[in-house]
Amino acid sequence: MTRSFADRADVTMTINGEPRRLEVPASATLLDLLRDQLGLTGAKRACDRGTCGACTVLVDGRRIYACLALAAMQDGRCVLTIEGLARGGELHPIQRAFVAHDALQCGYCTPGQILSAVGLLGEGRATDEESLREQMSGNLCRCGAYPQIVAAIRDAAGA
Amino acid sequence: MTIAGRPSPRIDAVVKVTGAARYEGDADLAGALHAALVPAAVASGRVTRIDDTAARRIAGVVAVMTHATAPRIAGATSPIMLQDPTVCFAGQPVAVVVAETVAQARLGAAAVEVTCDEAPAVTTMHGALDRAYAPASAGHVETDSRRGDPEHAPRPFEVARRYTTPTHLHHPLEPPFVLARWDGDELLVHATTQAVFSHRRRLADCFGVPADRVRVVSRLLGGGFGAKGSGLFPCMALCVMAARHAGRPVALELSRAEMFTLIGRRQETVQDLRVAATLDGALTAITHDTVAPTSMFGEYADPTATVSRVLYACPNVATSHRLVRVHAPQPNPMRAPGEGPGSFALESALDELAYDLGIDPLALRLQNRAAGDQHTGLPWSSNQLEECCRVAADAFGWHARPAQVGSLRDGRLRLGWGMAAACYPVYRMASHAQVAVDPDGGVTVRCGTQDLGTGTTTILAQLAAGALGVPLDRVAVEIGDTDLPEGPYSGGAHVSASVTPAVERAARALRDRLIERAIADPASPLFGLEPERVAIADGVMIGAGRSERVADVVARTGGLACTAHAAPESRPIASSYAHGAIFVEVGVDPELGEVRARRISAAYACGRILNPLLARSQLVGGLILGIGMALHEAATTDVRSGRIVNASLADYAIAAHADMPRFDVAFVDDDDPHLDGGVKGVGMIGTVGIAAAIANAVFHATGRRIRDLPIRPEAFID
Amino acid sequence: MRPFDHARAASVRDALDLAAARPGAVFIAGGSDLVPLWKDGVSAPPAVIDISRLPLDHIDVADGAIAIGALARMADVADHPVIRRDAPAVAEALLASASPQLRNAATIGGNLLQRTRCPYFRTPGFPCNKRAAGSGCSARGGDDRRHAIFGASERCAATHASDLAVALVALDASVELCGPDGSRTVGIEDLHVAPGDRPERETVLRPGELITAIRVPASALARRSRYLKVRDRASFDFAVVSVAAALDIADGQVREARIAAGGVGTVPWRLRGSERALRGARCADPDGVGSPGIDDAAARATDGARPLGRNGFKLELLRRCVRRVLAELTGALEPRGAGGAA
């Protein structure tokens, strides 16, 4: 059945475990939806061009840049943002490891780094420190917390 | 170990890892309008016409502000502040569109038609170096210096070379953001500023309102590196003007592309270095001459050559800083301003000297240690450079260094070892601080300074907890607000050194007054004791075998606050610098020209370390910026148009995870009896020396001496 | 970005009908290249047709070829055991591309259709014949370090940015298209068009046409293939120079060779001179470094190359990359790691 064009779209998504029915502008990105419509400001608009990773979220378990995903195209998807990672006040092991290893400074890239790490561990692709660094290279950190971030991920992965 | 001095986790780490941390741009902006900037398409000229007809027709557009309609302000320091039609750099905002949403504002901005009379532009200093002039100062110090007679000094051996560094951009991950709200004559600004008090004063001056009617708030910053101080002010003023013009609050967030043009940059440098020495390596003369660009409307020179004035003992030293006026954005300080690029030149030149003379580069540094500051004639307040060299060299394994270039291998990679020494001046500003205890026993530190990720929040809490005697988790911190006691702007690695004496003084005063209350209170177990016999530890007041909780004293007697002020000596009796030594191993694929840093061992003497965990993170962060300086970063300007060519993070490469070496960073004990509080600061020195150490390592690996940064594959292709 | 309308296609037929119904509407799959272009104002479609849910993401082997659906994500193709075993250059090219987040969202078809990274193209305001026909080429006499030494015209020298396309050229892949006039197959080398007089035209896709699949012949050549990429940053960076090479070696002799280069051409550039130099060559003694065949192939790689102002270093760098990849493929040198990454 041919659908017609519209400047808005109805999407049903699960966001941090909660089913939501949303009406979104056709040209809104997932990042716009999360920050501006839903007040979930953990994902950051640091470059808005998919070049820094600060907007990384998990969609159906896969890490993507929310700034490059159109919200209207996420119907039926399951989205996890940083706000949904801790369960009932209990930090995720990666969050705990980030705190313990000082894997952050200004914190702006941190939600993206953490979700990227969660996604990475789900991918099962990083086998050693070098491949871990390679697989995290889609998340920039200008403060230079990289070594502590990798140490935190290795710590949490080993746990 | 006292609380200040412990490697305590950042007290704001949990809010940051859970996404609960609210940066100024995360605020609910309901009710605010949004601004978008219209850039000039020419690098030089005058705006002759602005046609906003199409822009005003766009739904949601509320106002278009130009130089003709912008509020008049006093003391505009930048054409960004829209006071006249002159265009001084490509991308300069010449109009502001204000609309109900960001998207509408941007559409409106794209629809504004600007006509300019274009004038000839100087878009690069290259080709205009002969027009260089002497500025009023280089950073905070004098432009030229001279001791001895460098031109006529004995020069049995000399290295004379030119080194260049490109334009660098700060690129904190958090974009600059300003929300300005007028209420009659009162102004409230929420902004990503590194300098709430300085910006408050400047806003008050610009807009002709008393400073106490202006409040600037910057509670948490997503990085700064210098971009959110003086560099931010013109856009901040522009947003405040737009709010005045529109009669409603206005929010402005710069795009990443705009961050290449509108908040400053580290100026590129051309540095001529002549280093002369005896055949056994004693320095006899150094001349270090630098040229950099400045804008057509502002004068700024990084103190690039100052490192040559102080780092080594040398009887004949001359340095100079010159600027060339360019139709380009105004440069400003960026992490390790001056010493960053300047140390690249000096430490590279010394390395060249060492190889030419057949002397170990480390031995050359140690041989020429400065026993005092030969530039000012003052003794060092403390100088642990030698110990830094020893510790870092041992950690690195430098003693096993093969002198022969190109002799270390790992498969097809050529390995190379290089080193550099580093120093950074200790700056300190005056600061106020308040330490208060609430009736429930909770302690709050209040200081109008900022935290850019530097860890200031945690440091303040540790200092107060330590000096007062309460557990760290009982201390809350309020910063980043001009309603608080005035603290220093965030820069110069000076915040910790500035706030430490003020907070400790305030906390001790609070401790003393709480003790006074207790011993004067018949209801207290400590009643009647001599104050010297009473101490506070872990939130408990103890004396002569009796005790009670501070919380109970306060519950009975009420909350209490003490404010203190501390300022540096106006006439220092000693010269204060932090020092460091950096050793790097690089791997070079000599055919493909790929260079990667493999391991770095560094040791730093930074006086009293308030939190080794956070301080180490600062140093590693500084080193990483230096890796980018050496291997990746360069902003390119299109000479014809004066526009930045690579205005995206896809094209301006910041170091990524995969670029990381192994880091081994150590602190050297550096008890400095002359510094009130003992703190030297750790924010800048990490970026000093590292680029030279990498380039020196590349030489050791390949025999290629690279004097122009960044080092790229083409450097290995003749 | 300029607001646009959206419709979701339920089938390929539906997608084609939607495209026919709305002039100017563009297909969007992952959107990783399109969305930034729209945000920067390089293009502004009136409407998008969401094809992301079409059943075109399978990876199958049939009739002596690996068929990869155009909507297969880069990450999934890179991970697929058949691709890794039978077309390693493809897996390596994909893993050397972009970042993990982009590879999770971006599709194979979209990757092939990505626009050039030329910063003058991507920044409206700079004269650019590709973006605004007749406005001039800012790279000429400008910063052309990342521009092409092959296939440039007076009007445009922008390099093609896809790593995957280079690997597919080396593996003699073909592309299946579906459009209002039906289906057709195009050789991968015919998909992209050099700028010539009309740099705004980049592919042979007709209006309303979709890529539906890529087919990689399963062959001894494809199985012995590699991708090498030189980048400024160790990861998450486009190629300065890259090379994909595939060799069919039997009884110590090169029976067939296909070599393509990236970062150097306005389209993925086939190095036919290098291939000729290799055909019939005997493999290097494993203890040696290089052989007459490899040296000759490297030298031939830059036949016809024309350097611009600042990219002349790419000639020698290309020769060295060709030598390196061939040495690794022929056993003369140990490979340095998957994805050509250092």
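By written order: A, B and C. Residues from 1 in each chain.
We take it that a contact is a pair of C-beta atoms (placed from the backbone, for glycine too) under 8 Å apart; a residue touches a chain by one contact, two chains touch by 3 or more.
Bear in mind that the values here come from a model prediction, so they are computed numbers and not experimental data.
*Asks:* Pick out whichever of the two, A-B or A-C, is joined by more C-beta pairs in contact.
*Replies:* Between A-B and A-C, contacts are more numerous in A-B.
*Asks:* When you average C-alpha coordinates per chain, which one falls nearest the overall C-alpha average? Tell me, please.
*Replies:* The most central chain, going by mean C-alpha position, is B.
*Asks:* From the C-alpha centre of chain B to that of chain C, how far is it in Å?
*Replies:* The mean C-alpha positions of chain B and chain C differ by 41 Å.
*Asks:* Between chain A and chain B, what is the gap in Å from one C-alpha centre to the other?
*Replies:* 29
*Asks:* On chain B, where are the residues touching two or more other chains?
*Replies:* 648, 650, 655-658
*Asks:* I need the residues of chain C touching at least two other chains; which ones are they?
*Replies:* As it turns out, chain C has residues touching two or more other chains at 1-3, 40, 234-236, 341.
*Asks:* Two or more other chains touching the same residue: where does that happen in chain A?
*Replies:* 48-49, 134, 136-137
*Asks:* Any idea which chain B residues touch chain A in the complex?
*Replies:* Listed in rising order, the residues of chain B that touch chain A are 9-10, 12-23, 25-26, 28, 171-175, 220-223, 225, 253, 255-256, 452-455, 613-614, 616-618, 620-625, 648-650, 654-658, 660, 662-663.
*Asks:* Looking at the complex, which residues from chain B come into contact with chain C?
*Replies:* Per the stated touch rule, the residues are 41, 103, 107, 110, 257, 411-412, 587, 589, 591-594, 596, 631-632, 636, 638-641, 643, 645-648, 650-651, 653, 655-659, 712-714, 717-718.
*Asks:* How about chain C: which of its residues touch chain A in the complex?
*Replies:* 1-10, 14, 17-18, 21-22, 25, 28, 30-32, 35-36, 38-40, 47-48, 50, 52, 75, 79, 98-102, 104-105, 234-236, 341
*Asks:* Per the contact definition, I'd like the list of chain A residues that touch chain B in the complex.
*Replies:* So the residues of chain A touching chain B come out as 35, 39-49, 51-52, 54, 81-83, 85-86, 91, 95, 98-100, 102, 104-111, 114, 132-134, 136-137, 139-150.
*Asks:* Show which residues of chain C lie in contact with chain B when the two form their complex.
*Replies:* Chain C reaches chain B through residues 1-3, 40-41, 117, 119-120, 122-123, 125-126, 138, 141-143, 230-238, 240, 313, 316-317, 320-321, 323-324, 333-334, 336, 341-342.
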